[in-house]
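Please go over the structures that come below.
Paired with chain B in one complex and with chain C in the other, chain A is shared by the two complexes that follow.
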Partner chain A sequence: MKNKDLFRVIIIYFLSIFFAFIVISIIAILFRYDVIKVLKTLLTTSFKTSFGFQETIKKTIPLIFTTYAFTIPFMIKFFNIGGWGQMLFGGTVTAVVGLTLPKIGINLPSFVMIPLLIITGILAGGFFALIAGFLVAKFDINPIISTIMLNFVAVQFLNFIATNPIYRDPYEGHPITIPLPKSGTLGFISGIPYSIIFAIISIIFVFYLIKKTKLGYEITAIGYNLDSAQKYGINFQKTILLTFFISGALAGLGGTFEVINIHKKLIEGFAQTSGAQYGIFGVLTSLIVAGNPIGAPVAAFLMSVLLVGADALQRTMQIPVEMVFLSQALIVLFIVTFRERFLRRR
Partner chain B sequence: MNNNLFVELKNVKKVFGPVIALDNVNFSVLKGEIHGLLGENGAGKSTLMNILYGLYSPDKGEIYIEGKKVKINSPFDSIRYGVGMVHQISTLVPQFTATENIILGTGKDKYRLKIEEEKEKIKKLSTELGLDFPLDVKIKDLSAGIKQKIEIVRALFRGAKLLILDEPTTSLVESEFKDLLKTLKSLVKKGVTIIFITHKMREVLEACDRVTILRRGKVQGTLDKKNMTTENIVKMMFIEKDIKVTDSALPKVELPESKKSEKPVLILKDVSTEPTEQSIGLKNISFELYGGEIVGVASVSGNGEKDLAEIIINPKKITNGEIYIDGEKINDLSTLEVFSKGVFYTPEDRIKEGILPEGNLKENILLGHHSEERFLNRKIFVKWDEARNATLDTIKKFNIYAPNEDIVIRRLSGGNIQKVIMGRAFVNPIKLLITHNPTSGLDVSTVEFIFKKLVETRDNGSSVLWIGEDLDELMILSDRIIVLYKGELQGIFKRSEFDKYKIGLLMIGGQK
Partner chain C sequence: MLSFINSFISQTITYAVVYTLTSLGIVISGRAGIFNVSGEGIMLASASIGFIVSFLSQNAILGFISGMLMGALFGFILSYIHESYKVNQFILGISLVILGTGLSDLMYKLIIGVKLTAPRAPKTPIIKIPFISDLPIFQAFLNQDIIVYFLYFIIFFAWWFYYKTKIGLETRAIGENPKAADVVGVNVARRRYLSTIIGSMLIGISGAYLPIVITGTYTPDISAGRGFMAVGIAIFASWKPQRAILGGFLFAAIEVIAFRLQVISQKIPYQFFLMLPFISVLIIMMIFKKQIEFPASVGKPYSRE
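Then we have the complex of A and B:
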């Protein structure tokens, strides 16, 4: 029975991607592009050059964090659309701490500074998501609404910091802060950011959290059946708060790494790629794997492959990246539809 | 061809995966009769009726209605052929009135609702049938008995000549059952044909003209009135099974002399709760429950019995009064803290409140025990090996029919699901078991198993608070019976004082 289900899932994913590419091909033909070249660029750019692969990993890392930020609350049937805001907030607070310490004369060595900034990102992102968690636990405010609204708050907070005379880089025309002190930044190993280590740790952490811990069991149980879970003593309110904190902490951590590893300073709109922000891609990625925490990193990687392919399309063939967004949206739609149609339980 | 036949199903076969739900079933119903359909859980009653109603299509076989061969692909087809169904669970829209519910989806006019005209028609029909109910009151404010009448009228209003009633007495009080019986007899006189699905022997004997007995997807036989005896029916239902039968077809379980403890295990002192939208609340409930006894709570559904169960495992709901376990006040404890005192609970609705449907057996057994030291490493990590051991142990002790402990629980049958829920309560030594309708909808052998478990628990010196819907069942096994009505305690009866009439009367609010 289980094998049969797995087989079905594979077929569904295969068909969804296949159909999405057919639509893309049709559009490419209508716009008189070379279809074979389009598909080839889209799928192989990540693997043809080491630069392509590095770019893919660079996108995968934040995407893993925002995917989890959506996935974990989704397990208890809540939509955290605020992964983006939590990422921005985490990154911004990290930058504030990283820039303020040297200004007030505290120069910490790297091995203190980096952990401090990481913890800052975790706490800031966690706190920011916790606001939404608190609103739903206490007042039953739908997190879809609260997290979207908080995204705006995070964007403005970022602008406030990046344009603030204390932090702002006066030679930049764009809201950008001065660079972080060297002790507060991470480097690259053969083009791959060090933060990959933390992304892998996060994957292991989430796996353990969900599969092996009491909290993970409680989250799973609530996802299966809230009434039973509550009847048998699982504290829903507490679980909501913890779930939101963890999901925000992961997003915030993603923001921290964008700031200390990729940009090494705070840039307006840093949590973006190819003109779209990581938060919404995290939602897409999570939906592709139906909120399954184990499948999330794989989906994040594949999503990044498409994104890198999209950049290449724009560079080499002047095809707008939006076309790839279209294909990603279609893949999600097809998967969700086929899943409903063929995996629905009688 | 017999002209008197309304429905005839010939050689119907239906297979679900590995399970043969119906195996060459031949079933016929005469015009104007009440035809009982009897069988254990999983015997195929619902499948058969869902085929007739168009929810399933048969893998093989033919359906004849009034002599004509028909194909029923959906409930729209079935109503065209005059087949209507009244489901076990109300399908009325609670926020609508009776009139709105009855005309829902009927009108021929595309854009306008002719409520007043339709209302007149409904009024006429219901007076003709002798079924009266308020037409303008919202369904949510009506009792189960009235709702059922409305469902019947709805089916007839749409042109049903054959009514399938799926376990229609589940949510009815004794007096409402009598009412229903009268209704059915009068409907039959008006030419309506009725199929009556049930678990209960007594209803068959009182209500039906003929009865067909299904067992494991096969028809065991059809009995007419003169052959319809308890003995015949039970033989057909359980040929190979060694089931002792009492008058009401309940398993007979011996209740030895009670060894009551000296001190009470549970004390309630003047306990009250706030009424909510879903429940009537409790008013000044006081009683004591001792070790070594089973106390039955007799009440018609919705009279505070659910609150009574829930305040013990979630005492924070109490607004007034005190509650003690073993002399210790537990008003401020959480559910898990109450569980840690040796209390456990099996809820009323086993699917909606009792299990994690998509979870496997280990996850389901762990529920409620997930904070116990035994199942945790360093207070954080779940010891899944230990959960597995507890699950295997439960499967063995409770005779749960499951291929392994990794199977998703919703794949099990209702009886086995109930056994998992029960088994969960016995993972640790138990002091007080609170169990709400543990036997509802189960076949007799499972009921017997659960009865024996309750008696065993009691004989080991523990206490059982058993909230039951079936007075017959409660009277077989309880040492005492408490009667609840409108959230108030109406009386406590010792076993020697059990009197069906007196208790029943209190349950429906009669004078003491």
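Then we have the complex of A and C:
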């Protein structure tokens, strides 16, 4: 990237965030909220207390997974909006395995149980995304449609498991299962979930995948120019399937950690935060950095800062969390527009 | 039995309003070359504003009009950003979906707030045509609210416009080959604006229809994926208005059947019936794979140089 481009990128981000905050301020003024306090709460809650910071990290971890779930197919020009469906499915299947094993009398020690559950999440999420990959590779069905249809299937499947008499907690009114066995859960280290280790591993994995492997090279080539990539013998269909599997596996993994680390049981809406699914925020995060795998974790952290701020706004000033959600969508809209305006290639 | 069939058809028509208007809206913009995937977001935002206006004014018609205007606003944003900055239509569409989702709940919470009992929308009057409405065949079709009659009108109008008028033919040509249309002197950008805005207005009406007529109250995420199912319908209809209408009625029937089976069935958990419409979208798109055609320029930006 040239210096001039870098300067432009900085301008684009600055302008987009600036405009989005202007919109927030206008809404705040219209509904008679204290604008300064709103903006201050939004931006500083994460850094004021250690609790705020822990919450930010807790939200960053699933966001990293769902951001990558969108980013990797995006590099070959496919839109995987199914991050949340894959996350729900991964988490649900993990919970089923984790709850069923002790029920049928198999009590595995932690060092077997945890890897087993993680692999379950990877396979379940990957399989779920693979359906969409298969539909686009064989039937040319746009993944925007198929992944979203599958999201709703996953929502119902989660509801089916969480209300199932075998698994559900009879003392809860809301669809919630009984807790997972202790051997199947992860803990916290000074308020930070252990799953952060796996989030970092997945960041390294994605780097390695894109930069060092043959598949990563093929993904880059297809993203650059599909026709010439096929001319040089890249099997497009195989790349689609692999890409979707990996992206779903990451989302499913994110779901697994929400279940075994954060909630320690299956809750309807476990993949939800501040008014929307992590999968939706993942799409926004990825679009903010234009599908750049290196920028994704940073953007995920900044996104979480806003989300924690949004929760604080709702708690202290009764401002609906959707205001922040709206502003994030606006930031994305501004960024994609300005990016085309100032960085048009060719 | 006859009353059962009547109530089934009647209910299907109510849901068909949502599916048909939305997929028709997507087809209309697609015919001019804009692939509008933001249907879900438009529906949600229009549902919210439509409900708020109709609740505050106690007038359902005002609600539909405000939903339509919200749709027009979204259509304008979509076509303006696309035509002026050539932003990828899918990225734009998805951003607008998320924008609409956030906007819908925000507006409702800020204006109506949290109430103990859910506020109800005013009743939409049922229009009957003297004598004909009582005939057994027409009973289900002609005992409906004004939007259903609007739907009948739009069905006829869309067919007439695209196949019988010169402007309609020209607009279809933009979808196939914008360059050729431009050479003949058609203002491509203006047609794209108009088609997207009109299409989004239809989506807006169907969004407002959800809380005002179907549920009678606003709940978050009220469109529940129907905006995306309509995109599926538009694709499997190959962007032909008559097939989009057919698809709209088909999915309305599937939803009603799934809903009724869910009440009757004891053995199969109800969640699987709720999955049915979504799975059938995919199955139908697989079955009709061979027949699906896209207008050649749909989803692609057009610039004159």
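In the analysis below, the second predicted complex is superposed on the first by the 344 of 346 C-alpha atoms of A that agree within 3 Å, B and C clash if a C-alpha of one lies under 4 Å from a C-alpha of the other, contacts with A are read in each partner's own complex, and residues count from 1 in each chain.
One rule holds in what follows: a contact is a pair of C-beta atoms (placed from the backbone, for glycine too) under 8 Å apart; a residue touches a chain by one contact, two chains touch by 3 or more.
Keep in mind that what you see is a predicted model, and the values were worked out from it rather than measured.
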{"item": "Touching partner for A:F7 - first (chain B), second (chain C), both, neither", "value": "neither"}
{"item": "Partner chain(s) touched by A:F51 [first = chain B, second = chain C, both, neither]", "value": "neither"}
{"item": "Touched chain A residues, chain B compared with chain C", "value": "C"}
{"item": "Contacts of A:N235 with chain B and chain C, given as first, second, both or neither", "value": "first"}
{"item": "First, second, both or neither for A:E218, with chain B first and chain C second", "value": "first"}
{"item": "First (chain B), second (chain C), both or neither touched by A:F18", "value": "neither"}
{"item": "First (chain B), second (chain C), both or neither touched by A:D140", "value": "second"}
{"item": "Touch list for chain C against partner chain A, complex", "value": "37, 81, 85-88, 90-92, 94-96, 98-99, 101-103, 105-106, 109-110, 224-225, 228-229, 231-232, 235, 269, 271-272, 274-275, 278-279, 281-282, 285-286, 289, 292"}
{"item": "Residues of chain A touching chain C in the complex", "value": "27, 31, 79, 81, 135, 139-142, 144-146, 148-153, 156-157, 159-160, 164, 275-276, 280, 283-284, 287, 320, 322-323, 325-326, 328-330, 332-333, 336-337, 340-341, 344"}
{"item": "Chain B-facing residues of chain A, complex", "value": "212-218, 220-221, 224-225, 227-229, 231-235"}
{"item": "Residues on chain B engaged by chain A in the complex (per definition of touch)", "value": "313, 334-336, 339, 345, 347, 352-359, 363, 366-368, 370-371, 376, 379-382, 384"}
